[in-house]
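One structure, as structure tokens, below. Some questions next.
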Amino acid sequence: WARYKIIKMSTTTSTQASGLLDVLLPELEKDTGITVKVIAKGTGAAIRDGMDGNVDVMLVHAREREMKFIKQGYGTNRYAVMHNDFIIVGPPADPAGIKGNSDVIAAFKKFASNRARFVSRGDDSGTHTKEQSIWKKTGLTVKTNTTMIEKKGKKREITFIHPHGLGNWYLSIGQGMGKTLTFADEKLAYTLVDRGTYIKYKFGREVPVDLEIMCQGDPFLANPYGVIPINPQKHPHVQYELAKEFAEWLVSERGQTIIANYRLLGKQLFYPDAQK
Amino acid sequence: MIYTVSDLIKKYGPRTVLDIPYLEVEKEQIYALLGANGAGKTTLLNILGLLEAPTAGRIHYCSRPVNYAESALQSLRKEVVLVDQHPILFTTTVFKNLEFGLKIRKINKKERYRIIDESLDLVGMREFSSAPAQYLSGGETQRVAIARALALSPKVFLCDEPTSSVDVENQNIIITILRRINEAKKISVLFTTHDRSQAARLAHHTIVLNQGRLVPTLYENIFRGVLQTDPSGQPQCVIQDKMHLSIGEDQVIDKRKAVSVFIDPEKIAVRKPSEDPAVANELQGRVVQIIEENGKVRMVVDAGVWVALLISKKRYQKIVFMVGETIVLSIPPEAIHLM
Amino acid sequence: MIYTVSDLIKKYGPRTVLDIPYLEVEKEQIYALLGANGAGKTTLLNILGLLEAPTAGRIHYCSRPVNYAESALQSLRKEVVLVDQHPILFTTTVFKNLEFGLKIRKINKKERYRIIDESLDLVGMREFSSAPAQYLSGGETQRVAIARALALSPKVFLCDEPTSSVDVENQNIIITILRRINEAKKISVLFTTHDRSQAARLAHHTIVLNQGRLVPTLYENIFRGVLQTDPSGQPQCVIQDKMHLSIGEDQVIDKRKAVSVFIDPEKIAVRKPSEDPAVANELQGRVVQIIEENGKVRMVVDAGVWVALLISKKRYQKIVFMVGETIVLSIPPEAIHLM
Amino acid sequence: MNLLIDSFISAIRLVVSMDAELDAIVGVSLKVSCTSTVLAGLIGVPLGFTIAFSEFVGKRMTITVLNTLLALPTVVIGLFVYAFISRRGIFGPFDLLYTQRAIIIGQAILIIPVVAAFTIAAISRIDERYRKTAMTLGANRLQTAWIVFREARFGIVAAIVAAFGRVISEIGISMMLGGNIKGFTRTMTTAMALEYDKGSFILAVALGIVLLGLSFGMNLLFHFFQGRVHSQ
Amino acid sequence: MNLLIDSFISAIRLVVSMDAELDAIVGVSLKVSCTSTVLAGLIGVPLGFTIAFSEFVGKRMTITVLNTLLALPTVVIGLFVYAFISRRGIFGPFDLLYTQRAIIIGQAILIIPVVAAFTIAAISRIDERYRKTAMTLGANRLQTAWIVFREARFGIVAAIVAAFGRVISEIGISMMLGGNIKGFTRTMTTAMALEYDKGSFILAVALGIVLLGLSFGMNLLFHFFQGRVHSQ
């Protein structure tokens, strides 16, 4: 049986791109004999995979949606694994004048007042969710975009919000983190980015992005990751036992140490959350 | 009967290209199919070859009605083979072109090779056996296509102008082959041609088509003419500006100015010139050809236009017409048919 | 001279299909090009039509050497037009097929319409003007192709078997047209045919090709024969199992068993049958055709095989040969050529 | 199956409501795809003709290379063009990146091999006599090509249709070079990819259905165009 | 420009070092693409023949629909197949999602219209007389089709080559239905997408170059195959 200890995990592309899994999973296999097949997608699609029972476990960073996922009975419970943080990056010239300030809300207000170009992922990902919640907090007037769809005979609305100036200084591009970052770099614009992706694009490439960190350290910018085994009551075929074993290994001493020791280009990226 | 055709109609769009109330084709005979361009010869061969369905009408093949379901046709097509007017060879070697039909008939390899060599020999194309078929010259292609069909020893052999681009040496050979397979293997042959002497030489029966209909006329002396009235008000038909023929009033059916004219060669009278003045429809001309044909004698006279006529052997021998001589033709109105 | 060809060689792969040391084609004349299938007629026409470059050799067109750069050829091609052996019409109406070349020559619309109507009238295809060209019958296609070329009033008109699938009525018309354009418009005409009487009727000059080479022979009496030795050990050539001809020892060049035999029709002697015993190479046969040809008389005799011979008018008139009569041919060894 | 039914209804609702956003997306898609198809046609068809009509050493090898280019992944084209038009590339100053023009360039590169390869395939089966006949009637190269084109048009139009289908359904290049900017360079496909990433599968498929409808419309146009040419 | 040169060097390095991972990726790509191409050929070519040879009302409309399907976006196919083989779909129990088989199914759906449409285009220009001649020589439907196939093979092989190019360079379906699982369903293109996501553009293009090399190899095979058939 040991040879067949294979589970499938859906996760976000940024998690896969960070390289952590490439260190973590071989250790896991050594310890428990579990092989994890990783399926990386956009946050929404990754959660969909969980809901449809196409995977056994899910590793994402969108806390509110994760809680809802569990509430709806798709997952058993959420293991808080780790967090990293978001930062605001921008062109060295800093046209909005936000450099050195750790207050994200103030920074966002300045983007709006200076009409400084800002690139939004606009893809309903963890990062985009975070960005939308910051816009809400600024108290600026935000516009709501609604699309109606049909689901099992019922109408459902899909909404997302953005500040005024869409298409003008606020660019919503609906792409992954890496692409958003290069986009901002091309257009010399600001953007909200997770630290891992930024490090890769700043220090991991022959031609680094010009963008620099403008704003970091606000507690509001924390980006927690959770792992959720899929509920076997919803999907009897899932390998719940293995998924649970995997989740527990992640939050164990051993797993957490590996996470804490992971360095991307010499920089720590993830902070373990399970250590009391 | 190998074929019995009744009430056959073939239309392309609104145009009726074939309209044959009844036609019988006897077993083991050679038929020549004659007719002007567009008369429907190829169309008829395609229908008899079971490659096209008629628009209306019935065809009996070997006394059984033909069922135009594709599956039913396939077995019949193994007995009937058609060589196209401009045959096409498959883009491969000459050999493989011949092999195709034999393979289909599941003939074993040794036998196949023997038949192919033999058939190519017949048409004098053996040395081209391994040549790529698509580069052959016009006549070579035609000969290979005939060999390809012959190799299958069909019951019915349909040939659309089998010798049209074949050289003189091979024309004779192909005619000999057709006669031989008809005699030795009892294969029914139906071929089209524009060479009526070839038809006369080879065929037991002749079918003439005109605008899709069977006509009892012979296939010659067909001219394009223009209708006029002569100074005296008599209707007249002028052929190629050279021959003026009076015609009966009743023959001017409609006011078409350009008509096809058929002059029945059996109804033309001929005599040596005399001092008598020329009467209407009497023409002088020089004899240019004298040909023996089915017990009669066919003379071609250059009277500005070349006109053919048929006379009995007796009369020919009695009067002794000679090539190069000037003679007088008289064409009675009843010999002239406007079509 | 419209063409002067020297040292022309055309090869396809290793095979030489044309090898013409020298050939002149005079202006404003009609030439017939004869030869067996695969002799290279089409290839020569393609080269003279400036559509294919020779492998080696020079061609002068109107005394200027032809430059085979595509750009140089284009203007020449406007003066020379070739009608293919199996012509192809563009997949559009007959009218537009004729219009293409005229549009290229920037002829204005009114003039264009006039020329098109006139040309279609010539070949009797005017009523097909708006018909889709791809569905025409074989002969109709050929006639439209001729009209399409005629419409362009070229300086040189090359026709590859222009009447091969044309009906009798239109064969005569096409021959007349060719003669007329030659006389009236001084167009040089070069056509191929397998019908030597047509060639004789129409052409001022005849070129015969055999296996890519010019030969001085006439294009008839060509048979496939087998070499044997007769009981007395004399070499003999047997034609179609029916005609046994003694040949000179020196003629058996190599031991090929199947040969092509040409019997020179001008060297065959003919006489009425007598009581004299038959000597070698004397054959009895029946006269089947007598035809006047360029001041001579051509007789076709059925001696098992059909043999043609040419005699002077004088001799014909003196002896009075009649169709249907039995006569004696004697074929001297020097009349027999193995090819 | 639910997915499909739901998507279908949503698609209809989308079209019926025809909100400005969908409007814009459809507009961008059509404009970009049509332009790149026309561009590729103008380059690819003559290219195909030139290759098919010329005799030169390595002709078959050229065709093989062309066929290889049919496997050019959009990511490679995207990165390739990106390298030229990015701020740091030689065409950087033209500020092409993340514009519709950038997409058009990339897409044209994608389908030129398709058009050229199928043009060659279409011409290669046209009877040599058409060319010969045109030439003997006095046509120059262009006029001769036109005759052959007319005869091969069924195949060439098929190539153009396929090329259009390829670009209108293509994602990679539009995403990388257009940037999927809402209201500017968002095309039907990048919008679909976005909805998919968001997990709104229904909306993604609904957009796909709209796209197919659009493409059907374009094909009907082609169909009638071809019909007209045919009946001439 | 640097990007290209660097990528080229990396590509060579990749191939020379030929590590096990690249090996696996190339293997998966080839296996999946070849299988789906063969599958699509086996379905698409007969489909094209059937449509081209039958006379039925709405034939031209069928061809138009087929042409429309050339614009089927990979996302739609991905989602469509997903709806069937996802755990909740009717084929859920077969556990096909995120396997190579799933990719093969999706890719085959993608290119069947391509193969069929171009088969039709290729056959439609073949002289009607080939078919007629085969029939009069006694061939049944299949044997007749074989003759026409032989004559049209240049066009049909072009269709297959194009279809192969399409699938080997395709990302959407491999990603959505294969899941880009390392060692199982990671193909050249999904690996490229991943490298691109990681920001390793050079590696992405290097993989693209390897892919083109591979596709060139396949085309050479086709080339020789065609050459052999040709010279027969």
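When the chains are written out, they are named A, B, C, D and E in that same order, and each has its own residue count from 1.
We take it that a residue touches a chain if its C-beta (ideal position, glycine included) is under 8 Å from a C-beta of that chain, and two chains touch if they have at least 3 such contacts.
What you see is a predicted model, and the numbers here were worked out from it, not measured in a lab.
Determine the shortest chain-contact distance, in steps, between chain A and chain B.
The fewest touching-chain steps linking chain A to chain B number 2.
Taking contact as defined at the start, I'd like the list of chains shared as neighbours by chain B and chain D.
Where chain B and chain D share a partner, that partner set is C, E.
Compare the CA centroid of chain B with every other chain's and tell me the farthest one.
Computed centres place A farthest from chain B.
Please tell me whether B-E or A-D has the greater number of C-beta pairs in contact.
Greater number of contacting C-beta pairs: A-D.
Could you give the separation in Å between the centres of chain C and chain D, each centre being the mean of its C-alpha atoms?
So the centre of chain C lies 53 Å away from the centre of chain D.
Averaging only over C-alpha atoms, locate the centres of chain C and chain E and give their separation in whole Å.
The mean C-alpha positions of chain C and chain E differ by 54 Å.
Starting from the mean Cα coordinates of chain D and chain E, work out the distance between those two points in Å.
Their C-alpha centroids are separated by 18 Å.
Between chain A and chain E, what is the gap in Å from one C-alpha centre to the other?
Between these chains, centre-to-centre, one finds 35 Å.
So which stretches of chain A touch two or more other chains?
Where chain A meets two or more other chains at a single residue, that happens at 176, 179, 207.
Which positions in chain D are in touch with at least two other chains?
2, 127, 151, 193, 196, 201
Could you tell me which residues belong to chain C and also touch two or more other chains?
86
Which of the chains touch, listed as pairs?
Inter-chain contacts occur between A-D, A-E, B-C, B-E, C-D, D-E.
Would you pull the chain A residues touching chain E in the complex into a rising list?
Residues of chain A touching chain E: 8, 13, 16-17, 19, 37-40, 52-54, 176, 178-179, 181-182, 197, 200-201, 204-207, 235, 237.
In the complex formed with chain D, which residues of chain C make contact?
Residues 46, 49, 51, 70, 74, 77-78, 80-82, 84, 86-88, 90-93, 96, 100-101, 104-105, 148-149, 152 of chain C touch chain D in their complex.
Within their complex, state which residues of chain D touch chain E.
On the chain D side, the touching residues are 1-4, 60, 64-65, 67-76, 79-80, 83, 90, 114, 117-118, 120-122, 124-127, 151-152, 154-155, 158-159, 161-162, 164-166, 168-172, 188-189, 192-193, 196, 201, 204-205, 208-209, 211-212, 215-216, 219-220, 222-223, 227.
If we count contacts the way the header does, which residues on chain D are in touch with chain A in the complex?
Chain D residues touching chain A: 2, 6-7, 9-10, 13, 17, 21, 86-88, 97-98, 175-176, 179-184, 186, 190-191, 193-194, 196-203, 206.
Given the complex with chain C, which residues does chain D contribute to the contact?
127, 129-130, 132-141, 143, 147, 150-151, 232
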